[in-house]
Each structure stands twice: as C-alpha cells, then as structure tokens.
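Worksheet: one structure, shown below.
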C-alpha cells in the first residue's frame, strides 16, 4: 500500500511534525510506502511528487514550515482538475491520501472523497484556531506564545513611558489569537473581529489606564473593525466573506487614538513572525498525535474522516461537517475576559 | 463579603495568574474584599494574612512563584489545627476560602469543607499534571516547554559527537513531563515511572541509534525505575507511596549505559529550573480562567467544589473526588509514542 | 556622602542593572547614601526624588525599563532650569549625580559639570549603539537578539511560500541593529540610514533570491532612505538632523517591491518590542559593570567623566567629547557584510 | 585555488556560521573552491572529505553543531600522521587549510604550519572563552545566555521556598561562564576554578541570604574546588593539567551545604545543554566575521596566523602564541563582582 501526503494553505508550525508522525508509524507499524506531493493540491494535479521515507522525516520535528511545500491551488478551479488528480494517483500507484490543511484544502479532500471516490483522510490546520470540529489546531499555541512574548516586552516600556502601545496580531475572521495573547500578556484592551469596537470606549479604556500611571497596551486582531467601519474606511477592501476590511487596522487605530486622546501611540505589527519558526512543545505533541491517528484512520479504511482533538483524546469526524462552520469567539468568553479591560 | 486566598505545596508557574483572576473578578464584579493568607495552610493556622486588592495583583501575571508564599503545612497534623483555623477565619471575618494547591492542600480543603463547615473552593495545581479530574493543570505546559528546549539543544551535540545524552526531568509518580517533552523533543528513549524499564532494551535502543550515525537522547523521569530496581539500588529510599526510589536516576543510568555499551554518556539534570520563571501563554490562559471560575463558584455558593478543565470548558467537580485518584500515563498512550523509540 | 541617580531618554534594557550596580557598590564599599530622581532631569528640576537603598534594587536586574522612570526634559530649555537643579541638589544634600542616558541626557550632564560645577558622572545609553566613545552600549545586544529571532521565524515561511518578507527595525541615524540582526538572521538585503538605497538594486536582489527557490528577507532600518527619497516621499517629515524621513519605510518598501517585481510582499514592524523586556546576559553584564565603574568614578572624584567599554575593559572618557560624535556604520563594514546580499 | 576547512574539538554554537562565512566570501570574492574535511584532523588524516559550496552552507547559520563533524584526533599521536596529512592534501589538491578549533586543534595547525610547511589559518573556538589572544570566542555568549536563563527561572522558586539552589555550569579551568552567568543571573555565590573556595564562607553567604527572606542561588563552575579539595575527594581524578578534580561538584556542594546549614539544597546540572542549539545573535555575528577574515588571511597568504577579536575589530595573531596561554579570570574582576555575594 502506498499513501500520498500533502500540505496546503498558509504556513503553520507543526506541519512537519504531522508528516513525521504519519511516516514513522505508517512505515514501522503498517509497512506502508509514502509519496510526498509538492505544494498542496498542485502536487497530485501536476504529478509532482517524491518518495517519503523515515530518513526524509529525520530532524524535521522542531522545524517550522513544511518540507512538502504548500500552495492555495484548488483542483476544482483547474480545468479537468479531478480527472488529472485521479490519473496521477493511479499512475503513482497511490491508494490513499492524507491531506493536511485548512478549510479550502480539506474542502477539496471532502469533495474528492465523498463525490469522486478518492480515499482521503484529513488533518486540520488553521493557525487562527477557527475550526469548529476540534478543540485546538496545531500552530495556534505557537502563534499565541510569540504574540504574548511581544506583549510582555511592551510592558516595561509601558511602565517607563506614557505611550499607547498597539499590537496588531493575526485573525481575519476569528479573534482567538488576540484573545489568548491579549489575556496572557495582560493587555488593557482586546479587539476581535467578532465584535465591532467603539472607538470612544477604546479611548475611555486608554485614558483610564493612564490614570493608574501606566501606559495602555491595545491588542487588535487584523480583522477587527470599528462600529462605523465602512464610513471611516479609505482603503478597505471586500474580502471573501463579503465583509469590508480595514487594511492596517493597527496603524489606523494608533493614529485615531492619538488624535482623540492627545497621547502618543506606537504600533507593532507582528505579521508572518507569528506563523514561523519552531513549534511550541504543545503544538509538536498535538501535531504528532494528529499524524499518528491520521495514518491509523487510513489503516482502518476510515476515509472521508478527519482527526480532531477533544479534551486529551484524538477522535475522528467527517471532513465535510468539520469544515462547514467557522469557530468564532463566544460572546460569553469575550465578556468573561472583559474584566481585565481598562 | 470577604474571601481568603492561599497557595500550598510546590512551586508552579501560573499561581500568580490564578490569584490575579480571583481578585480582579471578585472586586470588580462581586464587590468582594480579599485577604491573602501567607504560606499555604500556615497562614490561616497562624492568622498570618494581608489584604489583597487590585493594586497588589498588578504586574504579577507573567511572574512565576506565588506572591502569597507557600508551605506544606497540614493543619490536621498540627495540634488543634482545625479550631485555630476556624478561629482565625472568624477573627479575620473571612466568609470563604479559595485554596490553590495539589493533592495535600486540596485534601485539607475537602475535609475542612465536608467535615467542618469551612466554605472552601479549590483550584488544582500540580506541575506533574497527575490529577485525574482535569485535562490539564497550569505549570505543566511551562515545564514541558523548558524540558523540550533543553532536549532541542542537545540534538546539535548529538549530531556532532557520538555521546549518549541523558536528561532527567520531573515526575515522581507520573511520567507526563517525560512523555510530552520526550516526544516533542524527539528523544530516542523515554522512561516513565509507570513502567519499569529494561536496561538491556534501553541499551539496544541506544546502540541501534548509533548505527544511524546519530547519538541517542534518553529522557528519564526522576521516578523511573529499572526492572530489577530494588536489587541495584544503593541509596534508594522508600517514598510516601511505599515505593523504593532511585536517587539521581539520570546519573545512575548514564553510568550503566557507559558500562554496558562502551559509549560515553553525559547527564543533564534540570531540577527546579522546570518549575520556575515566567509561565507559558497556555498556562497563563488556563490559570487565569481557573481563577475567574473559582471566584464564580464562591459567588454561586458552590463550596466543596474545585474547578477543572474539560476540553476548552472550565467545569466544577467535588474536591474530594478530584484528589482521590492519581492520573498516570495510560499504557496505550505510552505504546503509541513508542513508535519513535530507538 | 549622598549621590543622586537619574535615567533619561528612551527605554533601554539594562537601565535597572546599572542602577543596581551603582547602589550595591556605593552602599557596601563606600558607605554612600543614594537618592533616586524621578523621570530623568525632571527629577532634580522639580525636586522629585526618593531614597534608593539595597532593598529597592533587589530583583530589578532582569527587568527591562527603569525603576526611576524617564523623560526627555532638558533643564536648559526650562526657565531657570540650572538654578532650580542646583537648589534642589543643595536642599537634598546631594553631593554628586550619576546621569544615565543618551546624547541629550549626557549633554546636559556635560554642561552642568563643565560650566556650572555640578559634580556629574555619566553612563552612556543608546539602544542604537551609535555613541562613538564606547565599543557597545547596553540594550543593543537585547534589541539585536529580538530582531534576529523575528528574522529566524520568517525563514520557515520564506522556505514554504514565495513571498518577500520585509522587517523594519530600529535605527534612525545609525544602522547597527539592522546590520547585526540582518547578518545574524541571514537576511538577503540589509538597508541602513548611512547609505541611500537603490530600489532597482533591491529588486534585483529580491528577484535573484527567488531563482534559488527561496523567498527573500529584507531588513530595513527605520531611518533608511531610497536614493530619490525626497521625490517619492508623501508623508516624510524633517527630523532634528534636518533630514527628510520616510514614515513607515517598511510598509512603503513592501508596496514598491510588489509593484516592481509582481511578487507579494509582507511587512513586520517590530517597534517598541525591541526595547522592552528582560535584558540579555551580555547587556546585564555590561550594564552592571558600567554601574560599578560609574560609582567608582564618583569615589575617585573624576567628575565630568563617563564610563565606556573598550575591548573587555571599562574605561573613563570626558562626557563632552563622548557625546559629540555619532558612531555610524563604517562603509567598509557594510561592504564586508554585502557578500551575503542577494 | 582549493581550500580545506575542518572543525575540531568540542561542540560550540557558531561553528556553522564560521564555515558559511568562509565559503560565501571565498567563492564569491576570490573564486576559491572548498573541500570540507570530516571530523577535525581525522579528515585530512584519512582523506575523508567532500566538496563545500554555497548550496552546502545554505540555512546552516542558525544551527548549532558543525556540518563537518568533529573529533579530538591528533595527527601527532598517530603513526605517520604528518606524512599522511601532507599526502592527502596533495592528492586532494588542497593549497591551504582553515582549522577551526581550540587549543589542541590549533596547536596542531601551528606545528603543521611552522614546522612542516602546511599552509594553515586558524579560527579560535572555546566555549569557555579561555583563550588569551582574543577578547571573546563565539559560543561563549550562547552558553552564558542559557545558564543565565536557567538561573532566572530559579529565582521564582527561591522567592517562594526556602531552599538552597545550586547550579553547576561549564568551566574546567576558567570560570568565565560561571562569572558572567552568575552575575547576569543575580546569583548570591559564584565559585570558579581560579580560586579555591572556603566551604565555611559559602555557608556564611548562604545563611545570610536566608535572613533576607530569600533563598540563595549558588553558581559553581564544574572545575571549582574547595580549599581542602584533595582531602575531601572521593572520586576525584587527576586531569591533563595535573590537578585533582572533583566529579560532580554541584551535587557534592549541595550535600555539604545541607549538612552544614541544615537547609535543603537542590542541584541543577546543565551539562551539554549549554553548548547546543541555535547560537545567539552575538555569536553569529562574531563567528561570521571570524570566517570572513580567516578566508581573507588565506587570500593575503598570511599563514600561521589566527583571527581574533580586539574591541570591535578582527585582527590577526600568530597561532602558536595565541594558544600558549590560558585566559583565566583576573582576581580583580572576581573581587569586583564579589560585591553581589551573600
């Protein structure tokens, strides 16, 4: 039996740990052979693959990125995409595929599996942690750790100087990174895409903080929007969800706060730093276990399923169902955390 | 209403985050006053306490240790202990207590609550993660992260030199830290207290690793024991579980491996480094939420209960039940991870 | 004898280590008393001070910021500034001052010492490492370390995706942080304020990097400028050196690269994160030794002098001379490093 | 022209950065070819080598260890060693050698260069920083950083519990790592090989620390010895300097302190963790510049010389002279730091 593996979508620390887990267990316990497809769905589409063995996964556990490369290629948008994939899998004598990716990558796996008989098992990947079927996805803990460390560093400046410090973190549609890092970092304001923010309220929190002889730290998710967002936007753009988005919300917010409070404000934009580098121990543990269980699902012939974390257990859920709903921040949780604002 | 707070037992990163969560929510939402008792149960026993307000919890979130101090004092072993505690609580006009601690500290809280009518809410703390009622306890993720980073560093030495590298990590009765950090760090052998190890097997793994031109890394929990442990022990001692324990198992193991394989072996003993310093973002999130929910339990009058993590939810369980059973590594999980040995 | 201590100008990891060194040695070896003035020169100007003893410097060694606060107040721009300072020092019975700060703060110390007979000893502080009299200043190593770690993290993204990654680091007039972190992080292009850059050359380096199947990382100091800077600037402003400056050069550069190469580009702006948080071991060592030697200069009556690092020795130089010349990156050194570009 | 490169002796973070600097500049500026010899002097002795080009040094900058491998092989102790080396260099058409290593490796290079006409340039490597000819060597800053971080973590435990915490760090004959990390970490006692310690004095410092309600942290270099060392030694061994050495001084010291003060003591032994993993930014900068200047020395035909750091400049010194004297801690510097003891 020969199994194909591919990684699609954006970078996420832990991808290599998944691949290593799949290959180590697949080779040693099940005697499988492996083929690594390059750059997500582009690999099987173009027949671009290379053998994956235990030597090729040696030393990759602590490394960010993915040794298989990645892309956002969607075979359903390519001419004759499904046929080409099926032909290449047949030519490569690949019996089953493990697809590691987010909504888009797994959406393809679900359709290929459910509608076209391609034997797929899915492993969820989203650095934003916005997949409803699993408690956590790997990479998220690393991103939160990096953002938290940055916020930690800002505190000493906040103690010594009287500036507003704005930190823009990842999160287009879900504010999990902002919420977790903002709480862990002791931010005074946390703004998430799920709730339009009120600039007057933000300025009130900022001002009250100065009264305690301490400069405020504002964590804002890149997808957060003010209440009257559409009106104030100059270079906002409509995203794939049909929402108008502010480009560079951190910089914009700092300028607005300066204008309204008369306090100097400085911005940190972490950007891709959050999704690179060595994964945290938590993410390596989770990603490795996802890999071990994904190849077990192949062994069990449980195609169309995806591995997921529930508590401390790895379970299986149907891919299609898993990717159909975005997991956003529960208003109750946001309110719970609100006790630390201001 | 006035609430007392105390922290007992060994150091654990995140204790201050719990205290801060309790106080922030208690003061702002419920209008409570707080009294911080010094050094665990010694505080209420001796009437040693100081007011705890929002200013006293400012800036403590990223700091390890506990601002309240800690001890292993057990009032049930002190003359007249219960009476003294009840008198001091009455004198201090303290209506309820939040006790943050491990098996021993919470065991006292359970008895005081169930048998003596002292209104207690518990927050579980064990760096070894060995409490059955909760998916995780704070501090564990930090400890695993520190041990993993140490193992990561050993890999480059392992690549360049042909030495066996032994790392002794915490874990007297449960091998969670060894298992998680050993897996995350890509160790070649992981030895835990739950399963007596076979020195011949260890040496076989070590030797096979050298054949791949790579030096082996052996992670051993401080409580791990060889199969014929009692026989080989020179300075072993009987612990509170009635088990004979090897003192300095890491050093002992390195010498045995040298003797049997003829390969040089070096030991790293991380010791207290694992339980100190700033908590990870994960631990701050968990500890803060434990604090918020513990004070909510006080507000609800849900005494005798303890907060616990289930998936991503904080739930309540009876303290007594929660502390009665040690959570050790499931043999199936150890076997799952065994695919990476050798 | 009573000695005043103050810290002026921008934040810099290591300030607390200097203060601790001064106080520990001053109290224990010389029997001095200390007064800490608040917020740089504002402290002696307003008579705002508090006693500094060994207990007040306990635990501050690993903490960023400054326990004394800071400001950019310049007594020579305040009405009657010098007289007020002399009166307050007399009132406080302060015989000598240790001033820790950059060009501005030390410039004041030099004039007060040389022209007005105020007994001052200086400790140099500049996170940009742009003071000619000393090999290094504390804080710089920490900033370089933080920027390097960020660049390290971007490499895994660069491996997996084909994006240009731009990192904007500190450095208005001197490119030391960009040069050191860019070299240490393995950047493909490093742009510094000392040399106007040619956008065509930058794009050529970027493009050649893609040919090696690897995405380029561009490190740019905040004060770097294109050759035709004045022409392209929209919101540039004239700084205190009379130079027109680009605001947000990182973001601007990313857009220009996108436009010219057709490759997507993303920006990271580290901002104040670089100057906060715990100082590196190197900076703690240097800052502590600066403190020990500064108080020794007071003991020796060597006023008007400043401590400086030469090789591994701490020496003394006249403050006035030390602050008169900016240390910028030597073109030869920049050329030496250029072997890694492209 | 073809140049050989080898790395000898113990592991040291930054070795790969040196190799990369040599190759990048040698290929791009001088058009050299390179041959990498495996495992130090064993490589040219056995004719074990592989071509080194720009692709082979890609991505190695942040990695610890050495891609060339290392050993302690000394050709002067091998039969016919020099002849074999000369023959292999001739066979490989290697015109010059860059040897990166410590006292032993460079001692061989000096003799081969001075007595046998083999064209060698040296790059100094010693994690202990004990080479007199250079201000610093790469790897040292990384080791100090790791030890300091460990000490930092112990402080929170020291605050919460009343235990003596002993940390054993590297340093057989020179106490630089102990001195720098102990000072940077705020240790209360620092013991170095250069000065026999007095157990009574150590216990006096320990005891006085407890009076300040704070547990003491003792940093001890592995080569430190008590005043009456020879008498107390059980398993001491005579080292290559003819000194009797204590094995496991950290563990021994902890037990002695417990015995004499009645206080519990715990030990951390960092071991090889200190010499592994990614080099600090400082070490990458220094190592890269060493590499660039070493290949420049080859270009200049300056054989028999070694690169060294003086202030911020890289200079050249005769290898033979450079390796003849150990750089130990100056008693005055140790005394200067002593103000923080107790």
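Order of writing sets the labels: A, B, C and D. Residues in every chain begin at 1.
The rule we apply is simple: contacts are C-beta pairs under 8 Å (C-beta built on N, C-alpha and C of every residue); 3 or more make two chains touch, one makes a residue touch a chain.
Computed from a predicted structure; not experimentally measured.
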* Asked: Most remote chain relative to chain D, going by C-alpha centroids?
  -> A
* Asked: In whole angstrom, what separates the CA-based centres of chain A and chain B?
  -> 30
* State, to the nearest whole Å, the distance from the C-alpha centre of chain A to the C-alpha centre of chain C. => 35
* Between chain B and chain C, centroid-to-centroid distance (C-alpha), Å -> 41
* Structure fact -> Among all residues of chain C, those touching at least two other chains are 152, 155
* For this assembly, give the contact graph shape among line, ring, star, complete and other. => ring
* Structure fact -> Pairs of chains in contact here are A-B, A-C, B-D, C-D
* Asked: For chain C, which residues count as touching chain D in their complex?
  -> 24-25, 28-29, 58-59, 61-62, 135-136, 141, 144-145, 147-148, 152, 155, 180-181, 183-186, 212, 214, 278, 280-282, 284-285, 288-289, 292, 310-312, 336, 339-340
* **Of chain D, residues touching chain B in the complex** => 10-11, 13, 63-66, 69-70, 146, 149-150, 152-157, 159-161, 163, 165, 248, 251, 266-273, 275-277
